[in-house]
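Paired with subunit B in one complex and with subunit C in the other, subunit A is shared by the two complexes that follow.
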Partner chain A sequence: MADTVIKSPVRWLAANPIWGFIVLIFVFFSFANPYFFALQNFQNILVQTSTIGLIALGMTLVMINGNIDLSVGAVVALAASLCVDIQGWEMFADWGNWAIAPGVIAALIAGTALGALNGFIVWKTGVDAFIVTLGAMLGVRGLVFVYTKEQSFFAMNFAFSDFGSSNMGPLPTLAVLFLVCTAAVYFLLARTVHGRNTYAVGGNRSAAVNAGIRVGPHMLINFMIVGFFAALAGVTLSSQMGAATPNLGTNYELWVITSVVLGGTKLNGGAGTILGTLGGVLAIGILRNGMNLMQVPAFYVLVILGTILIAVLLLDKQLNRKGKEELRV
Partner chain B sequence: MSDVAATKIPALQLKGIVKTFPGVRALDDVTFDVRAGEVHALLGENGAGKSTLMKVLAGMYQPDEGTIEIEGTPVTMRTPLEAKRRGVVLIHQELSLAEEMTVAENIYLGELPRRSLGRVDWKTLFAKSEEILKRLNCGFGPKDRVGALSIANQQMVEIARALTVDAKVVIFDEPTASLTDAEKVVLFEIINDLKARGVGIVYISHRMDEIFTLADRISVLRDGGYRGTLVAGDTTEDEVIQLMIGRSLDLSRRQHAEVKTGEVALKVEGLSCGKLFQDVSFELREGEVLGFYGLVGAGRTEIAETLFGLRRPTAGTIEIDGKETAIHSPADAIAKGISLVPESRKEQGLVLGMNCRDNITLPQVGDLTSGPFVSDGAEIAIFDQYRDTLKIKTPSWRQAVGNLSGGNQQKIVIGKWLAMHPRILIVDEPTRGIDVGSKSEIHDLIRELARSGYAVIVISSEMPEVLHVSDRILAMYHGRVIRRFTAEEVTEDSLVAAISGIEQEQVA
Partner chain C sequence: MANFHVEKPVASRGQQTARVARDIRGGGMNRDRWKTIASVLARQGILVAFALFLIGFSIFSDRFLSPENILSVMRSSAIIGVMALGVTVVVIGGNLDLSVGSMLSFSTVLVVDLHDKIGPAPAIGVMLVATLALGAVNGLLVGVARLNSLIVTLGMLSAIQGLTLIYSGGKNVDIVNQDQTWFKIFGRGTIADIPTPIVIFAVGAILLHLMMAYTPFGRRIYATGGNATAAVFSGVRRSRVVFLTYLISASGVAIAAIILGSRVMGSQNNVGQGYELQVLAGVILGGTSLLGGAGTIWKTVIGVLILGFIQNGLLLMGFEYYVQWLVTWVVIILAVWLDIAAKRGRLLSPIA
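Let's look at the complex of A and B:
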């Protein structure tokens, strides 16, 4: 919850076991591989993490709110395609580097609008978010194929791909962008009225209604936020690659949800934190990076990640069981 | 009590039971027995260890120390199913039924009769269920869907479950919590019938009147310890209560003389909502408590929901301070000075995982900002104020509401609404599932609120409660206000007669 501020480090770790886990794997990889403990590698991890991380920020809000968004992966592809395609349109030919702007703006607007559409349908029809966004996941991916005619787009403006590999001081720009967004969403969730009501609606919807909270608008806003972040991730990803492919972002919804859940957010809503989500994303980032450096074959990486997801959640359950109220099942 | 018990081997006996949880000694050397053909009531305030003891009895918990004997034979019961096979059955307070399945399937849940290849033997299932339902005089059949039944009938399904085995001991945990007086009568008949068949009954309840109606013996727990057993015929309510809480209580009728009422705050005329309630009219003045009494389903809660903007009336008018108004939503009701403490605090009142402070400020957190952020200081100030005035017991505002006792949870819900400074406060079932001590505190609080000028509506299924707190009482029957009483003229008989739809003359 918003108030599990550091009372004692032990209790904080019990509430956020993922950070203990991060320390563990960090130490492990530092000793296991000579290339892991290096500034360059830490920068890599942050950049690799930022794509999933940005989406996970929005997903945390949506999931605490009691919903889920499965369409984020498809939105990444749509945003990336729009961004790269539009900046190459002839009408912007003499805008120079400014031609990137309409592409980015169009991508962000599209993502936010699709989020709004998801949220609006969930709000007005009462259909479960899982179903609505499952439909959106298929539909939006279809739109991407229609729009791109199954072709990849390549960014002709090198300024765009330079952005993806640029630095701000000691840190990569994308890492800074991710950390700034993390801070912003942290404050939104922990300190604002919207954040508080997000917890309330996810924790007990009818109590929230009885308290005069308008449930629908809060859900709508959170879906728009996750849509925005998915689009932003699409933009940064295409900037890293200097291109957009129609299959971009496939399975991202699964990685994002895995990270968020790993960070302690409950699938049925009402509980979760941004610090936890940051931990979840970093844990996956460090694991993938570390195993990659150790040349673990990619398929084994998946097996190991799946096992760890279940193990960490089991640990969380053991640490935070309700004590005497818990029944043996 | 050894002189009484020595005559016969008890159906079920617990000796020296100890159960500890991390940080809590929930049961400390508890001894308890129930004989065939008796009702043994188990009392204690919330947190006294009743639920833990009951779970030990029903095989959900294993005791750390102590023995359990069934008809003199020591046993260990590792699961509820094992306990059931040995003839010990628990009727849960919170019904645990599969709502989408039929009555028969629920009755035999976990033990469906089978044919070859694991197929369900539907014929036997329905026939056996039908037979049990007949014994209970139920007004529904084995093929009805459980979710479509009333709460009272769902409870009958739970009881029917107990009858599938040759039950030696049946444990009732707060069975009347969601029943009305008329439904209670039916339940008591069933309990007496079981008793006559030689079944030992463990009856857990907060309600003194029920216990003295039903019980042969009464055992009391306090702070996880066994405090003694009394024979119901030789004791008084006061004695039992003192044993429970270590002090005496005055739950008698209030003096109504000092009531001073002010302006009409709320006037409702001809209010209807489809089939839920029709043609309801009343006036509510500042400084008075108006009680709504009736059976579950009589439309009381629905009226409250309509006044709070959760339902749309199909006819009639609502006037606040003499001005006709429409209430569109809870937010609208709150803006117009109406607050509702809902029927079920866990489902409708509280966000259980949230802390105490955030729950209290939930409806007004939007007004407690400085810049873009919620102001911690302002929130804590409000929490402190209501913790002090309502005597909410919690280690700190950071405590999750779900960890508080029922009484303190209810105070949080009430505090939440008092903090909105409403003029009209509607309280639906203010003390459901709350222990005796907190109950009287909440009653005093309601009176105190009226005295300080609030206009209060109290909806309750408990007659002593309605009689105790109300200045006027509206009796509801099948969606209509059937009679109006003032505190001076009301009698228990006339009230029961009114809400069961019996004419007054026939009773007299």
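Let's look at the complex of A and C:
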């Protein structure tokens, strides 16, 4: 996959049309709006996309596996609530800024554990991941409401919310975090055995079994990765807001799946790249930001995004039909 | 995605003993006994679970089995139920419909808003046409253009949410003279002492059951969902069948919108948000396979009622509202797991 990238820019663009789309909307918004083309705004876009982007990284792995995870939105809420609540516990009162650590760690562990639970159920029961994570989506959200008693939590420690708006050199910390994670998952997917197995399992599961890949544990690990990233997104989101509400992350699974599919990952598994996902996430980020600056009402943005998702699917169908001619009726 | 195996023919007693002898190392005897129990449980699992829940809840709460309570549960399940009927048809045809929730918001806002502007009957008519048009868009994209139904209806979910907000301008709508309009019959009225929503739900279920079980069209839906290629070779016009399943699903949403609008006499813009999950949960609990080709309407009715009774029972027992979601989580996975386990003849997946 990744090795064919360098051969020809034109061919690369044909394989990743989303980056062409990004260039288009980038040029369009740059001319259409005076505030769009500014360093400050680019930083904003990166921070805004980092939340969805982090989850999308993990979701790409799971979807290349031929699975899906619908529970990420609920995990975001759970992680955010845990993180903000635990750092305020009295037992950590004299820890100073270190009180943030147990909250963050608990949130990340909870997310990873829920991912592991999903993966374990998919592995052992053989129930479709769509159903397993649909159940988890309801169940984990229920857990959040039971845990929070339908209350919002507020971070008393300002160091936590300062972190969300801090900078590392020219870039916001959250953007750096997102880019580092992107590089790490890119490396995992393109350069490691685990990454190659991810494509193998998604491409042909029984062939992967015959090749000696332990499919079950492999899928389990990918579910843990997406759970971890969802929790991380929950932590960064709550640090941006300095608070956590039980409704946090509603509809995130839609945004994440939309960006991953825009990036060219196939729902049936076996195909997809991190660069594509990064493109999908950025495309949605730029669109939302640009339309926001042009004061398009949020209502229209929903319609436009839905339309784009379907249009991309149509285009993809037209472009990639050769070779696997289906029965036409 | 799930690993389905063809159900093995029932082994004769002699073969069974032979297999037990061969399989002692793997705990064969135990597994065989498990298998019989599991297959009985799974084949009628949904009924067993239904009975267990009813018994359990009636032990812990004496109000649970009172006729008023049962009627009220059925009435509040009717809205999700009517939608679930239509979605069952789509799922049996081998597709998904995630757009029903936001479609319900759209239709309810439309019918409630138009009620005071052009009168109840025209409002219902316009809403019906608009909802069917949305269903037709789904149907065209999935049936004719052959796009993945999950993504298409996901896109439609977002697009219809936007349409609703554009139409209403973000404001909630309501009906002013709530007592003087005959529109209230659908949500608040009764027919022969039975609340109208229940009657509508029952009639819809019977009609769709007859269609799916006894008409050539129903068989074509099963055929398309079971094996689309084989269906096409047998002369089934797949595109048309899939298109029509989405129209059926949209009409279910339209009817649900009438019940909901008439019951509340007003509507928020996001009233249907999350309904697609409850609906799918009911359909899945009813044993309809998400791969298509299998499932029945009446089991969906039971699936929806189970969800309703779980919700009601847990509330009566004094649990918090959201505990029902936790229970639903467990119940959905258990139901599907048992179903699959019975089909493959073993409890755990053979995946390494």
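Basically, the second predicted complex is superposed on the first by the 318 of 329 C-alpha atoms of A that agree within 3 Å, B and C clash if a C-alpha of one lies under 4 Å from a C-alpha of the other, contacts with A are read in each partner's own complex, and residues count from 1 in each chain.
In this section, a residue touches a chain if its C-beta (ideal position, glycine included) is under 8 Å from a C-beta of that chain, and two chains touch if they have at least 3 such contacts.
Everything numeric here is computed off the predicted structure, so don't read it as measured data.
In the superposed model, A:R141 lies in contact with subunit C only, and not with subunit B. Judged by the touch definition given at the top, the superposed model places A:G203 against subunit B, while subunit C stays out of reach. Of the two partners, subunit B and subunit C, it is C that touches more residues of subunit A.
Touch criterion met: A:F299 reaches subunit C, while subunit B stays clear of it.
In the superposition on chain A, A:R214 makes contact with both subunit B and subunit C.
Once the two complexes are laid over each other on the shared chain, residue contacts for A:N67 go to subunit C alone; subunit B is not touched.
Contacts of A:I257 after superposition: subunit C is touched, whereas subunit B is not reached. Of the two partner chains, neither subunit B nor subunit C is touched by A:A56. Shared-chain residue A:L114: touches no atom of subunit B or subunit C. Within subunit A, the residues touched by subunit B in the first complex and by subunit C in the second are 209, 214, 327.
Taken in their complex, subunit A has these residues touching subunit C: 66-67, 121, 123-132, 134-143, 145-146, 205, 209, 214-216, 254, 257-258, 261, 267, 297-307, 309-310, 313-314, 317, 326-327, 329. Taken together, the subunit C residues at the contact with subunit A in this complex read 1-3, 141, 145-148, 150-152, 154-163, 165-166, 170, 229, 232, 237-239, 277, 280-281, 284, 290, 320-326, 328-330, 332-333, 336-337, 340-341, 344, 348-352. Every residue of subunit B that touches subunit A in the complex is listed here, in rising order: 21-24, 26, 52, 60, 308, 310, 329-331, 333-334, 340, 342, 347-355, 358, 362-363, 365-366, 369, 372-374, 398, 400, 416. Touching subunit B in their complex are the following residues of subunit A: 1-3, 7, 187, 191-193, 196-197, 199-200, 203-204, 206-214, 270-271, 323-324, 327-328.
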